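Chains: A, B, C and D, in written order; residue numbering restarts at 1 for each.
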Amino acid sequence: MLVSPDFPNVTRFTVAISKEDVLNWIKTYAQVIAENEAFLTDLDAQIGDADHGANMNRGFKAVLTKLPAQEDKDISTILKTVGMTLLSTVGGAGGPLYSTIFLELGKTLADKEEIDLADWANALEAAEKGVQNRGKAVPGDKTMVDALEPAVAALKEALAQNLSFDEALQKSAVAAHEGMLATIPLVARKGRASYLGERSAGHQDPGATSTYFLIDTAAKTWAKQNTHK
Amino acid sequence: MKKLINKPEDVVLEELQGIELAHPDLVKVHYDPNFIYRADAPVKGKVAIVSGGGSGHEPMHGGYVGKGMLDAACPGAVFTSPTPDQVLEATKTVDGGAGVLHIVKNYTGDIMNFEMAADLARGEGIEVEAVVVNDDVAVEDSLYTAGRRGVGLTVLMEKIVGAAAEEGRSLKECADLARKVNSQGRSMGMALTSCTVPHVGKPTFDLPEDEMEIGIGIHGEPGRTRMKIQPADKITELLLKPIVEDLPFKAGDEVLLFVNSMGGTPLIELYIVYRKAFKLLEEMGIKVVRNLIGPYITSLEMAGASITLLKMDEELKKLWDAPVLTPGMRWGI
Amino acid sequence: MKKLINKPEDVVLEELQGIELAHPDLVKVHYDPNFIYRADAPVKGKVAIVSGGGSGHEPMHGGYVGKGMLDAACPGAVFTSPTPDQVLEATKTVDGGAGVLHIVKNYTGDIMNFEMAADLARGEGIEVEAVVVNDDVAVEDSLYTAGRRGVGLTVLMEKIVGAAAEEGRSLKECADLARKVNSQGRSMGMALTSCTVPHVGKPTFDLPEDEMEIGIGIHGEPGRTRMKIQPADKITELLLKPIVEDLPFKAGDEVLLFVNSMGGTPLIELYIVYRKAFKLLEEMGIKVVRNLIGPYITSLEMAGASITLLKMDEELKKLWDAPVLTPGMRWGI
Amino acid sequence: MLVSPDFPNVTRFTVAISKEDVLNWIKTYAQVIAENEAFLTDLDAQIGDADHGANMNRGFKAVLTKLPAQEDKDISTILKTVGMTLLSTVGGAGGPLYSTIFLELGKTLADKEEIDLADWANALEAAEKGVQNRGKAVPGDKTMVDALEPAVAALKEALAQNLSFDEALQKSAVAAHEGMLATIPLVARKGRASYLGERSAGHQDPGATSTYFLIDTAAKTWAKQNTHK
């Protein structure tokens, strides 16, 4: 237990995310995607073209075959490899966007042996910016940004409030979940659902859903069962 | 799901193998990354035309590779845009030194993947221009949305710009011509039944026995409105009117009238629609000078049809009539 | 019933009107009695080729009228052979003085109606020969039955004999050639779904979601057997084997492989079937030297496919490659 | 009541079929066909191509439009006109065959002002021969011959037995009906159903059914409610 240099009055655990954690997150997410393929596709069938589940699953299956050869690489390289693999296997809108997430995470976390909460918040913020740059969507457009942006905001707030590691991740997952649900009433302004105009309202965005799973899987696989401040 | 397929995940691969075996004189197939390219590529000194998109729209795009049309086509998974590495490799393979034009349908995924590929290709010293097709009047256009989908006009653009490239026009000229085609063409489609994406195994949407979807997208995306099935003449009107009013097409205009099957609608019905569309245009003083009737840009086995109108002039007529030799479109050779 | 039609009883008439408006450069349409004929008919001194049959098989036969193929096609009501007066008038209209060859699919109705027309035409001094196509191996052949149905081979025969007539061959030579094609070609089809005849308004047969019909006829006639849906590769085998064994086709043979959609099956699936058929033939030492892949002889919107094999030689290859310019088949012009 | 010259010991009514009777028969049959279009089509869907009802109905609708201009012609001309009209409107196998029936009736009944039972039997026999010549089907092939042939045989037997006019017609209708039902177990050897081979067994032949209607309609429209010998 150390005294945080930034918040000198507060003690906190230096709970960090190891390379194994990162690998575990990615593998678990691949499993979550596989289990939810039909669900994501159903969502996409309603306001898109019924492929988001298959696209993501194809991509993360490919990632799983790539991972074994990456296990002795560093976190950044692993994340970039995931990004490149998604880029060449997912296709559609999801491909470049999820690829961007992992490439940006990899870029931001260059040379890190371990990631702390602040690193993670920074990296996820960079990923969010990357997605917004690539896709030109802003919050409220009914896209994955609507899950990503609140997750980043919640993480940063948790950092400011000096919440525990687990709590911070949990908050970001809850925020992503709320962001995902908040896409339901929205009229899409970006992506394929935007072709529907008003008819896109009343449906949950598939990309926001898979992004919520991503954040939620991080919270779950990285949880240290440590609720101390 | 009633399909002549083996495993859903093998559909695109096996289709490519079929194309490769069927048309070795016209095209070659590259696997992993997947693309179809002209058997004689690269054609030295000719601008290369590359397109692509999700599979499930056959014969588009792979069927349009060959002399007088595309130099390469990049097929994604069913209804999923291709990945940048496919487009990059295809671009490098067919570049004949005069630059490469990407014809991209306006879908977020297609745009992003093609853009990334273009950036990478430019990084490797290839001159690349991209033109986006967005002809679907079913979609409300706005600066604040993804805009309109690219649909039927893509086929006409690929033919016309392909002929221009064959003629020896420069990359800039080909790109300008593609933009001109885009600016003069409009489309709209409808569905009587849903398609079934192989890996999904059930119809994308439910359409009751007495209903149809007007303004459907080519990936089974829902359209403008759902309504009771109408007679073909009425449906033709429902498709044609928004098309004509959007550009607008005017009395005295010469047009190419393209009546397309979404896949499951047979030719006999297309001629019934063609007949009515022709007559409606005639009443408006719009003259059909060229036409195309058949399943040219499909949505798997979806029943339904789309209409595309392209305003023609002497240049476009000449390029349309120019010889073309591809698996899916052929004349003059 | 989900169709782009107006009234069921107007389907054929309106389709003909559509064809007339779409292809005035290639064909003319005569109404009452209905037939489609070459825009430049009669071609003096050329043997005229006339075919016909029920509507619902588009592009066959009307789509095959034009230079290098048919001189006239007589469309009956949907799935109903034409009447003698149609065939008689068509025969008289296209006779260029060198005689008229009737290509007739082996159905009792077609045979009788064409026979009566031929008798009447001969009575008016026109030389008429008739050749019957009966290539469907799904049907057991016997002297004591109506024999085998005429299916996919009809398309190939019309192309090849049309080229021969264009070349200037005599009526007897054309008829002999047609009989040769018939003796060297075999077909078999299958259905995943039923078609719906417009005036009936409901599917001709019920096929459960997990079943298919092997040996289906092109009018939705039941086939050899009904069974659980199999993977495309297995289905291809089920169709190809009886075809190969029937002639039989042998190692060293050169063939044209024709993979046809029954209407509702899209091109992407046909390539999967083509791929397997090609490989199976390759394993047997049979060489595919020409092919045709697409919806060329359909059964309205029925999903399914048929395979036709035609044993080729230099003569047939040359005639197959000869230029053809029709609404439904075109190359070399 | 006259003494029949052929059967001198027996008295019989000279119950004859007038031109009006013939017209009435044809018009009523057109109505029967219209009412049974779906039924005939259903039968044809099972072992054929689902068009027999539509074909016959198209033909007899055309006949109905032709009849008014024929009402002052003689019986033979009327029957031939029906035959020619069917030939150019029905198509399929049914077209030439039903056309043959009426053309043969017309030929056989040339110059008749009225038709007696013997005339009718002769004419119907000629029609049956015509159908057999044209279609090459013999009894037992599961075609309309299977209704026509017993109807003719029954008529001739009734004549021999000197049955009443109504009874004779009734017998022919019953025979046609039995012939029609007898097609059910048969394996078709002619027509489109023959492509089915063994699978054609168990289904009633549509053409035999429409032929039974033809014979039955004659019996019903011509019945004089006269059961005397």
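As a working rule, a residue touches a chain if its C-beta (ideal position, glycine included) is under 8 Å from a C-beta of that chain, and two chains touch if they have at least 3 such contacts.
What you see is a predicted model; the values in this text were computed from it and never measured.
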Keeping to the contact definition above, tell me which chains border both subunit A and subunit D. none
Maximum distance between Cα centroids and subunit D occurs for chain A
Distance in whole angstrom between the CA centres of subunit A and subunit C is 57
Just how far, in Å, is the C-alpha centre of subunit C from the one of subunit B? 29
Cα centroid separation between subunit C and subunit D, in whole Å? 34
Overlap residues in subunit D, where contacts from two or more other chains coincide: none
Check each residue of subunit C and list the ones that touch at least two other chains. none
Every chain pair meeting the contact rule: A-B, B-C, C-D
Which residues, counting only subunit C, touch subunit D once they are in their complex? 33, 54, 76-86, 107-109, 112-113, 116, 136, 138-140, 144-146, 148-149, 197, 199-200, 204-205, 217, 219-222
Which subunit D residues qualify as touching subunit C in the complex? 41, 45-51, 54-55, 58, 87-97, 134-135, 188-192, 194-197, 199
Of all residues in subunit C, which touch subunit B in the complex? 2-7, 11, 14-19, 21-22, 55-56, 58-59, 63, 192-193, 209, 212, 229, 231-233, 235, 263-275, 278-279, 288, 291, 293, 295, 298, 300-301, 303-305, 327-328, 330-333
